[in-house]
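Taking it in order: structure first as structure tokens, then the write-up.
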Amino acid sequence: MTKKKLHVAMIGSGFIGKVHSNAFRQVGHFFDVPYELHLKVIGGRSRAKLEAAAAQWGWEEVETDWQAVVGRTDIDVVDVAVPNALHAPIAMAAAQAGKTVLCEKPLATSLEEAERMAEAARKVANLVWFNYRRIPAVAFAKQLIDEGRIGQTYHYRGLYLNQSGNDPSKAAGWRYRRSEAGSGAAGDLLSHAIDLALYLNGPIRELTSMSHTFAAGRDVDDAALLLARFGNGSIGSFEVSRYGVGCQNRNTFEINGSKGMLQFSLDDMNRLDFYDATEPANLRASRSLAVTGPDHPYWEKFWKPGHVIGYEHPFIATLGDFLSSMARGDTFHVNFDDAVEVQRVLDAVERSAVSGHWIILDNSSR
Amino acid sequence: MTKKKLHVAMIGSGFIGKVHSNAFRQVGHFFDVPYELHLKVIGGRSRAKLEAAAAQWGWEEVETDWQAVVGRTDIDVVDVAVPNALHAPIAMAAAQAGKTVLCEKPLATSLEEAERMAEAARKVANLVWFNYRRIPAVAFAKQLIDEGRIGQTYHYRGLYLNQSGNDPSKAAGWRYRRSEAGSGAAGDLLSHAIDLALYLNGPIRELTSMSHTFAAGRDVDDAALLLARFGNGSIGSFEVSRYGVGCQNRNTFEINGSKGMLQFSLDDMNRLDFYDATEPANLRASRSLAVTGPDHPYWEKFWKPGHVIGYEHPFIATLGDFLSSMARGDTFHVNFDDAVEVQRVLDAVERSAVSGHWIILDNSSR
Amino acid sequence: MTKKKLHVAMIGSGFIGKVHSNAFRQVGHFFDVPYELHLKVIGGRSRAKLEAAAAQWGWEEVETDWQAVVGRTDIDVVDVAVPNALHAPIAMAAAQAGKTVLCEKPLATSLEEAERMAEAARKVANLVWFNYRRIPAVAFAKQLIDEGRIGQTYHYRGLYLNQSGNDPSKAAGWRYRRSEAGSGAAGDLLSHAIDLALYLNGPIRELTSMSHTFAAGRDVDDAALLLARFGNGSIGSFEVSRYGVGCQNRNTFEINGSKGMLQFSLDDMNRLDFYDATEPANLRASRSLAVTGPDHPYWEKFWKPGHVIGYEHPFIATLGDFLSSMARGDTFHVNFDDAVEVQRVLDAVERSAVSGHWIILDNSSR
Amino acid sequence: MTKKKLHVAMIGSGFIGKVHSNAFRQVGHFFDVPYELHLKVIGGRSRAKLEAAAAQWGWEEVETDWQAVVGRTDIDVVDVAVPNALHAPIAMAAAQAGKTVLCEKPLATSLEEAERMAEAARKVANLVWFNYRRIPAVAFAKQLIDEGRIGQTYHYRGLYLNQSGNDPSKAAGWRYRRSEAGSGAAGDLLSHAIDLALYLNGPIRELTSMSHTFAAGRDVDDAALLLARFGNGSIGSFEVSRYGVGCQNRNTFEINGSKGMLQFSLDDMNRLDFYDATEPANLRASRSLAVTGPDHPYWEKFWKPGHVIGYEHPFIATLGDFLSSMARGDTFHVNFDDAVEVQRVLDAVERSAVSGHWIILDNSSR
């Protein structure tokens, strides 16, 4: 059986472009992909960087004008892996040209922009790279919740701390300029924490927040914190910061429910801690599950039970699931509409941080 | 050299009374105590419980009328180990009778009450049992901060979670009734978290909070959360709950500063995690210090390096330090005035939880 | 009801004497002790040290001649807390004088000596302070094994590492001289590891071993290792060392059985890790049990669930159990006969280390 | 610049073949590889499995006769990824045909066979897939040792435990038959532990061992344990088992030296625990290094600091280093000669397990 060919163009030649390139190269090795992928064009600003990336990952052509890429009729898929402020123009142009669109997170630099993007993308297959949902440990957390193993949720606690803001070599990049990034820690880190919360615990009803910039003269937030009430009656707290000195990439969530507790940390991404409150009192304890199989999400895709996966595998799983979903004509999650909901929370966070008031989220469109 | 005798009366025969009795019995075994303690009277409501406690711990007499105890001229020290609503009448009567007064935390059921108690106690030696400051790991954290090892603080994070509210056997006690406890998780758990924060990171300037009661019909808070700005420019978040299913006694703090990170958890109270950001990049990591000596606070008092202490030892250290301080005529901390500052924060938390607004703390009296 | 009085004499004024003094003082506070203990005499070599200890712990008299103590008719219990080479003369004299005898571990400096001591002690109530059996986590491990939760044992792994040999301040003491200690790491550390193994996994059938002295001129072993076959068909490995740099007091055991795994470390003595291999594959993981109650051994004796105990509590529990057992007329474990079995293994270890051969243990007397 | 082409044939279509295929596909994405790799032929017994593997990984041809593969003049590299008993015939034929030879571990089923293979391979570039040496954490451990950060080694402790022998689905494979595997846990697990020990701590001078088969009728060892003396004066203990219930893939080493301690576990392969005994006493503790950069081995090859790698990356690093080394004409390690030294230890282990005696290793050839 011959597979349909998909010609892919990726705009972006930075770190996340490397991660996407890897996903395009690896997805067929681990997933039954219903398409034959061709890595056609890599686009970006610096020809030198593009040529190096093309040589390393086997992109056939390089192109410094993204509009030329989007306009090509021989391209089926456009992957947007550029600074945040460019997501909207590229993704919308690609969608309008009928391309399948994949876009890095955060989707947009504002709620209004995100809504326009979602509107534009509604007619094409689309994906937002909120990859952490497909870490096996996270997907298994979702499964346990759906099975009722945690019971009624009482508390949700999300944290994402790194120390990039305190590191001059990192704090000079585009992520620290409002014009390119839209926001600071909020778009960079809080978007991930909120996406996981919406996935695992459902919509947020209201919130109050604070944000803070430690570095004088910087025009984006270095830290954002919020208290929230979820639609399911549980209470949430979130804290993200680029001044979490001591933390390299500490993305964690904790859920306390009437029947148990879940704890996850990206620093230990192959594990999930699970406390089962229904066991006899003297055996109740948190167990540290190695979520590498058997019978865990994706466990037959990668290596054998007891053999860990790395940072890149959730991207591969995201792409694998997306391509299957597209072949079946299903709606894939996380899509642009899902990402709008993340943006809605970020928007409320920003407004509350200014006003000092609680904000009720309008989820009526959902 | 003959030591001055101190005749002690303790009001209270519950769990914390057991802990205090132990401290009175043990303090002379580990500390050079400048007094000879006599365990004279144990007071409380139930004669049967008092007699059992007296037999077990060697209190000479039992007394069911606390006013009779406080009025006795042969008593030097009154220790208040009863439900919160009784702290004020007993402690104030004792102070007015010129007794040295020791009082369980939280000091009071309201800020106004706490201020009156502090006023009354100002003429006598006094102590509030915020014992966690004297866990060696906590005292060592304070030492590292004072030595500048953490640098400028960016973030303070305090958590205190247990699951008592979800446990019918526990949720029936006085701690779940406003009339006796004054508040729920706030007085019970948040008071500890705030005392540690004020000790380690200085005064709080402003805060916003939320509180929540999960159990229908209960008139105290089951959970309290707040976001705060400290006087030193750092940002704080606090969360305490009696619905932290999976957590038995999880009292933690984390501090991210320009030079390092500290992490402590009561579940692992003999340890302190310290990340030194001034080390070469490839050796930077959190180290798990066993704070059992050598050269740690109190390390020569209890056992040998590598031999852990338990829940009761910080109470013993508190009493040991207090008695030395009293003999020298020094002001001891945590005293009633210090505890007023904790109460000031609890008061702001309660008001903000109602109004939904940020509250600026009036620390002008400090 | 008046309790029978027991007049106690303790010989020894070092660190372990402090620990025993504490146990005598505390046992009645936590256990229903059927006797009234009187701390009558503390004996030892240095009058100055004895007087300090007597003042601190309330021993009524001091005595520098242990033979005078043992000969007194007003003494009921003799506790031997002196260097190993003195265990035999004191314990045997006390037993022959009809005293109840408590003796520090290791019981003796040789198997033959241990056997003579056990013979002498057979007519009196006796105890050897192998206190680690009564750590709640260890006692709970034993309970799980007895309940069949581990199934058939495959592997037993015992480790006891400290770094005292590498520390000049420690390596100058009596523990580093054969004339006083009998052996080095073997008697000091391996005796504990073997006692736990015999308790948890039953008799050892045969073994091969090696020992090593790192420090030139030292006449005791710094490290001892052995491979063993147990009577129950499982395989064991043991390693103890005073050159375990990085380890302060790391006494661990691990058991792999057909139904599960247990892991314990003294560094984290309030915890026991338990892996239940009978659970569904995707939930199989090691759980870290806080063995502080409810429903754990001794949990109602000390503090509340979630409140940890320290180094001294297993000594208190040992004494509490012993006194109850003595009142009932029962045989207490660990007694001198039990300690002979530990010594039998140490003896085989020493012989195998010399010969390089496997040694079959003669357990026929058991 | 055009790169020299290398045409690769791999014999083997099992799990490890998947891992090797991945390495061939990925090496050029992360390493500056001086060759252009062509995945020419995949060989093995089952045409169906070969065709599936070829489709998934892009091998151009499949071949069920390995001898036909080795004889082809258009093949430059032969990779041997088949059961152990076939390593020798295939690797030797390939070497004799002048091919570059890569071989899975353990190299051989006996010392004599290994020596013949090494002899044959001496004229071609060769590699043995002892991949764990190139886990960044392991390579960093080696670096710290070489820098003198651990000082004089006292103890080396190697463990490799899994539970495959207790799992009927796994225990039916070729690894449980002497005719195909040569040995059981020894070749499977101990070979890894010994390779790491020789790499990190140098040659073993003498050893005594025991082995055990738990399953009736099985003709290979389920567990192997040994005590050893190293050439550098340190003492070693090793334990490997397929009955380590509770352990999925627990490959650990620990080194205690005069200046510090190192601890590694494959279960947490992105970390290395390091205790620096030269620090001030109150700051001495084990630190848990995330060996993901900066300034760690391979850190610029894969992802960014704080982003973990998985099971497959050390294979990629092994291949990357090998190809660079081959281009430079250097001797690569681990090569067949190195693997003979591992086999020499396995041989002594087997002999000692039978005789019960210590065996002195003849390292005179080194």
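Going by the order they are written in, the chains are A, B, C and D; count residues from 1 in each one.
Note that contacts are C-beta pairs under 8 Å (C-beta built on N, C-alpha and C of every residue); 3 or more make two chains touch, one makes a residue touch a chain.
Keep in mind it's a predicted model, so treat the numbers as computed, not measured.
Undergrad: Can you list every chain in contact with both subunit C and subunit D?
TA: A, B
Undergrad: Looking only at C-beta pairs in contact, point me to the busier pair out of A-C and A-D.
TA: A-D
Undergrad: How many angstrom lie between the centres of subunit A and subunit D, each centre taken as the mean Cα position?
TA: Here subunit A and subunit D have centroids separated by 36 Å.
Undergrad: Based only on mean CA positions, could you tell me how far subunit A sits from subunit C in angstrom?
TA: Computed value for the inter-centroid distance: 54 Å.
Undergrad: Quick check on subunit B: which residues sit in contact with 2+ other chains?
TA: 286, 290
Undergrad: Hey, which residues of subunit B end up touching subunit D in the complex?
TA: 140, 274, 280-290, 293-296
Undergrad: Give every residue of subunit D touching subunit C within the complex, in rising order.
TA: Touching subunit C: residues 154-155, 157, 161, 163, 166, 208-210, 212, 214, 223, 225-227, 229, 235, 237, 239, 241, 243-247, 256-261, 263, 275, 277, 286, 356-358 of subunit D.
Undergrad: Considering only the defined contacts, which subunit B positions touch subunit C in the complex?
TA: Those in contact with subunit C are residues 15, 19, 21-22, 25-26, 28-29, 56-57, 162, 248-249, 267-269, 290, 292, 302-313.
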